[in-house]
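First the structure, then my questions, so here it is.
As written, the chains take the letters A, B, C, D, E and F, and residue 1 is the first residue of each chain.
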Amino acid sequence: MDEKVLTHFDEEGRAKMVEVGEKLNTRREAVARGSIYMKEETLLRIVDRNIEKGDVLAVSQVAGIMAAKKTSDMIPMCHNIVLTGADISFHIDEKNNKIDIEATVRTTGKTGVEIEALSAVSVAALTIYDMCKAIDRGMEITDIRLVKKTGGKSGDYIREK
Amino acid sequence: MDEKVLTHFDEEGRAKMVEVGEKLNTRREAVARGSIYMKEETLLRIVDRNIEKGDVLAVSQVAGIMAAKKTSDMIPMCHNIVLTGADISFHIDEKNNKIDIEATVRTTGKTGVEIEALSAVSVAALTIYDMCKAIDRGMEITDIRLVKKTGGKSGDYIREK
Amino acid sequence: MDEKVLTHFDEEGRAKMVEVGEKLNTRREAVARGSIYMKEETLLRIVDRNIEKGDVLAVSQVAGIMAAKKTSDMIPMCHNIVLTGADISFHIDEKNNKIDIEATVRTTGKTGVEIEALSAVSVAALTIYDMCKAIDRGMEITDIRLVKKTGGKSGDYIREK
Amino acid sequence: MDEKVLTHFDEEGRAKMVEVGEKLNTRREAVARGSIYMKEETLLRIVDRNIEKGDVLAVSQVAGIMAAKKTSDMIPMCHNIVLTGADISFHIDEKNNKIDIEATVRTTGKTGVEIEALSAVSVAALTIYDMCKAIDRGMEITDIRLVKKTGGKSGDYIREK
Amino acid sequence: MDEKVLTHFDEEGRAKMVEVGEKLNTRREAVARGSIYMKEETLLRIVDRNIEKGDVLAVSQVAGIMAAKKTSDMIPMCHNIVLTGADISFHIDEKNNKIDIEATVRTTGKTGVEIEALSAVSVAALTIYDMCKAIDRGMEITDIRLVKKTGGKSGDYIREK
Amino acid sequence: MDEKVLTHFDEEGRAKMVEVGEKLNTRREAVARGSIYMKEETLLRIVDRNIEKGDVLAVSQVAGIMAAKKTSDMIPMCHNIVLTGADISFHIDEKNNKIDIEATVRTTGKTGVEIEALSAVSVAALTIYDMCKAIDRGMEITDIRLVKKTGGKSGDYIREK
């Protein structure tokens, strides 16, 4: 390995999975939220549970929780960690024809679980899209963001507004 | 299996992976878009490629393409299909401090690839979040929607606006 | 590669994924069934949907369908194929304190989907176990068998009672 | 998120991955067993190792151990944990034309490994089915149950005969 | 999406999964080979099958075949395709203290299976390393190359020498 | 389970995932290297980044890091562990028309990460092959070996020469 180093790669910033071995195993939690907008009729049918593919929100919830567990397989530089819990809840916003999704993920580990919570929300929303797309291709997934994060050296984070 | 059927399950709509065996194998394409908003400084550092975890957009692009291929593993009722191609492109919107992501996915199969394209955009955006979260936890993923769909019996779809 | 062949391996029968390239792409279906026995109280709580981990059968059903899709990743010599549909149904057998699970899987491909249907039933049953184990470790998964198979060169199969 | 909560979802019991962050990391072990019945001729050919797809039990064993590791990817509400060991053994029961499968799984973690052991047995049995189905579609997988569990706050469990 | 395109990305060559929708579904085969060098004692113990972790080559073979199936999940720009068959064989080269591994993979699809065959050989070799590393950390995996490829528009390829 | 044990299986050595519960969680690191030989023209095009499938080394690096994380899913008897970091670097050797790949993987766990580092190098090399195979089917992956290992009870290992 005594040949010329690809130095221009370093200058541009090569990808790596950052070393966290020095970090402490501490209790960490992250809460993320997002929304999916749809037609009024679509929302009503989800609430009534008569979309052909099945009880949409029950499936979405399972998908979101499974996604939290496989986040490190989807997101290249994300550490694989052991989650201690994951939960997803839905809020029907009939006024705005949207469903709000909230995911809470926890670990006792060396890295935070922000991206696990955001992945859970994203996959839950994508699952809703998938199950309703036959009647509403125009649905839109939006406002996916971190709401709260606790634990870890970088301190707590609470999203303003 | 001559016992009482859980009929109230059917009434609510049980989940299933809808049978598509009668559908034709045709060329199908879907284009999806989404955006991730961030601080001005974050956008500048991505463009300059000096985020610690590496060349952010190169990694995001790989993650998005890999996500297109594993969509049926993430989305419970989504059919597993053979993709014939996938591509992702980024547009830097410096005026609004966001990056626009576009994914194009194609297949020659019995189902459309809308959800594959939307998954690719979502995972590409989540990857950007993951790689920049140390400097900007407030990033927001938004406006993930189907832009175009061609092929298949249900006809073409072009998003208005 | 002109060295001695490990011939005793061939004699014992080496594992391989059997070549099916000559087979035709035909419509194929498999139906499998199995049962999970439990305490009367456990069954009542599943029907009433008040197990702490959630609506047990809704989750079980999603797990079974996802398992059908990932069968070739679990079963070493099983071909990876494109499924055209998958469905799972439950029958509550209160007289015998068990739940009967039935999975139907279909493809238009070169191999049958018997093992996909059996995997779906198995994982659906394991999911019921997982969600109820806190109150009933003695549950037993049993009678997992192929009930019907149609399509393919080997002909149809209907299990005798 | 100040809109109406989908309260009827809570009443039915929403699915979640139960929080275990408060639990201790302790040594835990689970032993599960199951059986697969087959025709006499099938059993003889497995013992003689001349099934076309290869040495059936060697492949089954590998499949079972790999399944133990991917249990949390198959079972939706199952925690992903780090296993410290997994072992599978087979007993030929020529009198009853069946093979008994036993899996032992261990961890030093916050959750038990009952479902990992049961999954290992199930996938090992499914693999035997897959490799022999060309000569015996009537095989039946049965009696999959937890035999023993040690470690953890809920105490030890030994199945009564 | 009317903002400035990241044109310097195009100049450098952005990653994509190349579109193959125009290609024909034809029978394709690829054969790859590789070798793993080890200490004489290690080789003898593999042949005698008394390595603690088990019958090394049986496990290696299963791992290689499973790797062929999951190639598109490992290799980012590789198309996911349906394999029609996969086989792995070993040759013991006692003179040079190495094991030669050969993988043959086939499909009826739109892309070749060279990378699937090479992945199968690589993972089979890594598995041998893993199972023997406790007694021989110096093993070396080498000469992984495509030996033959048939089918597809680009024509056949036979490696010289 | 009082029937005849398949004792000849034990004699041959059955596969298992060795129990490591007694081992300590310590900091461990492994460094592996390998090379891929190619035509001069291929190497020049990689350096110039104009291979059709994209920036080859950026994609290869992502693939290698993701492979480190999924090693226990590829290698049957390998323990699933939590990695604390992973890094890959490339060295262009224009004199010999090859690219040298080096992977460094770290954990704080009960098992070493040699196989994770070797898998990362292998998959990084396979990715280079995949992206360049259209112009150079004769590339050869070679000299994949462990260079260094620290931590754990078995002591440090530094490869000679």
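Assume contacts are C-beta pairs under 8 Å (C-beta built on N, C-alpha and C of every residue); 3 or more make two chains touch, one makes a residue touch a chain.
Computed from a predicted model, the values in this text were never measured in an experiment.
Trainee: By mean C-alpha position, what chain is farthest away from chain B?
Mentor: Result for the farthest chain: D.
Trainee: CA centre of chain C versus CA centre of chain D: separation in Å?
Mentor: Measuring from centre to centre gives 13 Å for this pair.
Trainee: Once you find the CA centre of chain A and the CA centre of chain C, what distance in Å lies between them?
Mentor: That pair's centroid distance is 29 Å.
Trainee: In chain E, which residues are in touch with two or more of the other chains?
Mentor: Where chain E meets two or more other chains at a single residue, that happens at 14-18, 54-55, 58-59, 61-63, 66, 70, 73, 76-77, 82.
Trainee: Sort out which chains touch which and give me every pair.
Mentor: Going through each pair of chains, those in contact are A-B, A-C, A-D, A-F, B-C, B-E, B-F, C-D, C-E, D-E, D-F, E-F.
Trainee: Would you tell me which residues of chain A are touching chain C in their complex?
Mentor: It comes out as residues 54-55, 58-59, 61-63, 66.
Trainee: If we count contacts the way the header does, which residues on chain C are in touch with chain E in the complex?
Mentor: 1, 3-6, 9, 14-21, 72-73, 76-77, 79-82, 109-110
Trainee: Which residues of chain E touch chain F in their complex?
Mentor: My answer: residues 12-18, 34, 49-55, 58-59, 62-63, 66-67, 70, 73-78, 114-115, 118-119, 122-123, 125-127, 129-131, 133-134, 137-146, 149, 154, 157, 159.
Trainee: Which positions of chain B touch chain E when the two form their complex?
Mentor: That would be residues 27, 33, 57-58, 61-62, 65-66, 68-70, 82-96, 100, 102, 106-108 of chain B.
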